[in-house]
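Both of the next two complexes hold chain A, though its partner changes from chain B to chain C.
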Partner chain A sequence: MTLKQVVELTGLCPVHLANGEVEVAAVYCGDLLSDVLAHIRPSSLWLTIQGHQHVVAVAQLRDVAGIVLVNGVAPDPQTVTKAKSQGVNVFGSDETSADLCMKLAGRL
Partner chain B sequence: MSPRQVILRARDAGLSMLAVADHNASAHVQTARRLGGDLGIVVVPGMEVESREEVHILVYFTELPALAEFQVLVDQALPQQPNAPEVFGYQLLYDEQDEIVGLDERLRQVGTALGIEQIIRIVRGLGGAIVPAHIHRRRTSLLSQLGFVDPAADFDAVEVARPEWVKSGLRLGARVDGFPAIAGSDAHFLEDVGRLRLELTGDVHDIHGLIRGVRELAEAA
Partner chain C sequence: MAEFRKHQILLIHELMYQIKVREAMTTPVVSFSPAATFREIQLCLKEQRFTGTPITESGQLVGIVSIDDIISAFDQGRIDQPVGASMVRKVVTVPQNYSIISASNLLEKFRFGRLPVVEAPESRAVVGMITRSDILSHLLMAVNSIAEGLEKEERAAGATARRPHETLRFELLPDNYDLAGVASTEVKTHLQNCGLSSALVRRIAVICYEAEMNVIIHSLGGYMEVQLLDDRVRILVADAGPGIPDVEKAMQPGYTTANEKIRALGFGAGMGLSNMKRCADRFSVRSSMESGTEVDAEVMIGEQAAVVPGALAGGEGGRMP
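The block that comes next holds the complex of A and B.
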């Protein structure tokens, strides 16, 4: 499923949409950067409550399809700036990661 | 920030003691200590280690071999991954003359596999001191990662981030979350070396002297 289709299916709010055509192959839920770096697979949608700019670096390092800030967490201003300059897809959602995962279960 | 430049700045700032505590790294400590020794400045061998919980913890030793032993354990507990210089910058290694002599290619800007309790145990075993860093910071702090500062934990002191220390008007002798509090420059740039300094009367030759002095003030308060 493309990122654009995932966004439509789950009702994510775009913070920065660089490329909606990327394939989303998996989902990862994680808030410890070390853990995400160690375990996230390429082309994953990353659900997290970490709104700081370092998530953009991690997303670049691991070829993440997009970052979703869940629980209504707002991104830091530097995160938005960095996402725009680095071309990283970032979204927001008021839902929990569990609820978003359940919406995507079996669909990717 | 080469060891030589840091020590020269420390001299110009009138410091008699400073700690060098790099992130999961310690390659420059020996050089800094030697240069400092020539100028009568005590360099405390240290490291800011990142725990498994992604808490930053300052660890300090009195001698280089203990730090070296700790570094071996940290290296074993870091992911076996190369640094990504486009994201984290190049980790340049300098000699005493400011010449670049190497490149540290390990990924160090991540958490180790060592938990907080483990770090405390190891550092105690090596005769060092444990000071959780910037404990109220929004990320990589005890508060951000665990939600609280455990009053029963075996910390020697806690570090308050420089802006908070200044804003709260803290002094040595203050207790924060139950522990004697300290602060430092946390210099990531040369101009910040010596930006915030602690002053203690009496002879302070090493980290234990500093901790002792701080604890005495905290007990008297």
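The block that comes next holds the complex of A and C.
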């Protein structure tokens, strides 16, 4: 499924959409950056409550398809700036990671 | 400079011997019979922008007519007469299998603008015409394609085994969270441009990022050096202290000394060193309370790389410690 289709299916709110045509192959939920670095697969959608700028670097380094800030977490202004400069897709959602995962279960 | 010029001249000279007349000549041949008039030929030459044409009888060369001959015929009132009566019959030719250096020498020697190309030495069968500009344009094309070939080769070499040995160096400032990850991102982009596989680049990126964050969070500042070698990438990270009291303990997953503020950002999970070790093919940490901490990691990128699928989640080419 493309990122654009995932956005439509789950009603994600774009913070910065660099490329909606990328393929989403998996989902990973994690808030500890080292844990995400160690376990997230490339082309994953990353669900997290960390709204700070460091998520952009982690996503970029691991070839993540997009970051979703869940539970209504707002991105820091630097997060938006970095996402734009590095071409990383970032979204927001009021839902929990678990609710979003259930919407995507079996669909990817 | 003299050496460079010598090489240029050698190349052109060599090509002059390598390229055969048949490769550079113009075909098909426009020819006339001896019965054609100078005027007919003049019209054709003007139209085709040629400066001369061979005269043939049943495919065999019997003479040649140039613009100069046509001008003379015009002067002498022979413009509507057949060329057979007054054409040059003794024609200098060049065989098609000769090098263009022969054609060039003949053109120079006789001060001709063109030469009929014959099938073989002693043959009178015309297969083409060759001029100075044919020779020149073919040489230029040959030089150009050699240059393109070299460029391609260089690009291919850059992407595979013969990478230049390079070192990227980054100074890392303590507590500078705004620049955190910048060095690792730059390393990643650079290695991708060098043609390393995405899986290898991601492993190296994780090592760099964890090391970079450690220096920024825990140390008084330091540097990261990434060396791109023939068969491996070496990552050296050193800081100015204060040092890790118990390296063995620090290597244990989950062990952390990070403060609450850092942990709230999702750092300091106590996984950094073990993450680095898992992504590296060779990994060592040395620390002293006097001189600080040094991390030395290597990822094999050549044929010697120990590829064990599934070492990292997602089946990355990696190695399990």
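Going forward, the second predicted complex is superposed on the first by the 108 of 108 C-alpha atoms of A that agree within 3 Å, B and C clash if a C-alpha of one lies under 4 Å from a C-alpha of the other, contacts with A are read in each partner's own complex, and residues count from 1 in each chain.
One rule holds in what follows: a residue touches a chain if its C-beta (ideal position, glycine included) is under 8 Å from a C-beta of that chain, and two chains touch if they have at least 3 such contacts.
Nothing here was measured: the structure is a model prediction, and the numbers come from that model.
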Looking at the superposed three-chain arrangement on chain A, would you call chain B and chain C a clash or a fit?
clash
Tell me which partner A:D63 touches in the superposition: chain B (first), chain C (second), both or neither.
second
Between chain B and chain C, point out the one touching more chain A residues.
C
Which partner does A:K103 reach: the first (chain B), the second (chain C), both, or neither?
neither
Thinking of the overlay built on chain A, is A:H52 touched by chain B (first), by chain C (second), by both, or by neither?
both
Which partner does A:P42 contact after superposing on A: first (chain B), second (chain C), both, neither?
second
Look at A:S34 in the shared chain and tell me whether it touches chain B only, chain C only, both, or neither; answer first, second, both or neither.
both
Find the residues of chain A that appear in the contact set with chain B and again in the contact set with chain C.
32-34, 37-38, 50, 52, 54, 57, 60-61
Would you tell me which residues of chain A are touching chain C in their complex?
26, 31-42, 48, 50, 52-58, 60-63, 78, 86
Seen from chain B, its contact residues with chain A in the complex are 50, 52-54, 79, 81, 84, 87-88, 110-111, 138-139
Which of the residues in chain C end up touching chain A in this complex?
177-178, 180-182, 184-185, 188, 198, 202, 205-206, 209-210, 213, 265-267, 269-272, 275, 278, 312-314
In their complex, what parts of chain A are in touch with chain B?
32-34, 37-38, 50, 52, 54, 57, 60-61
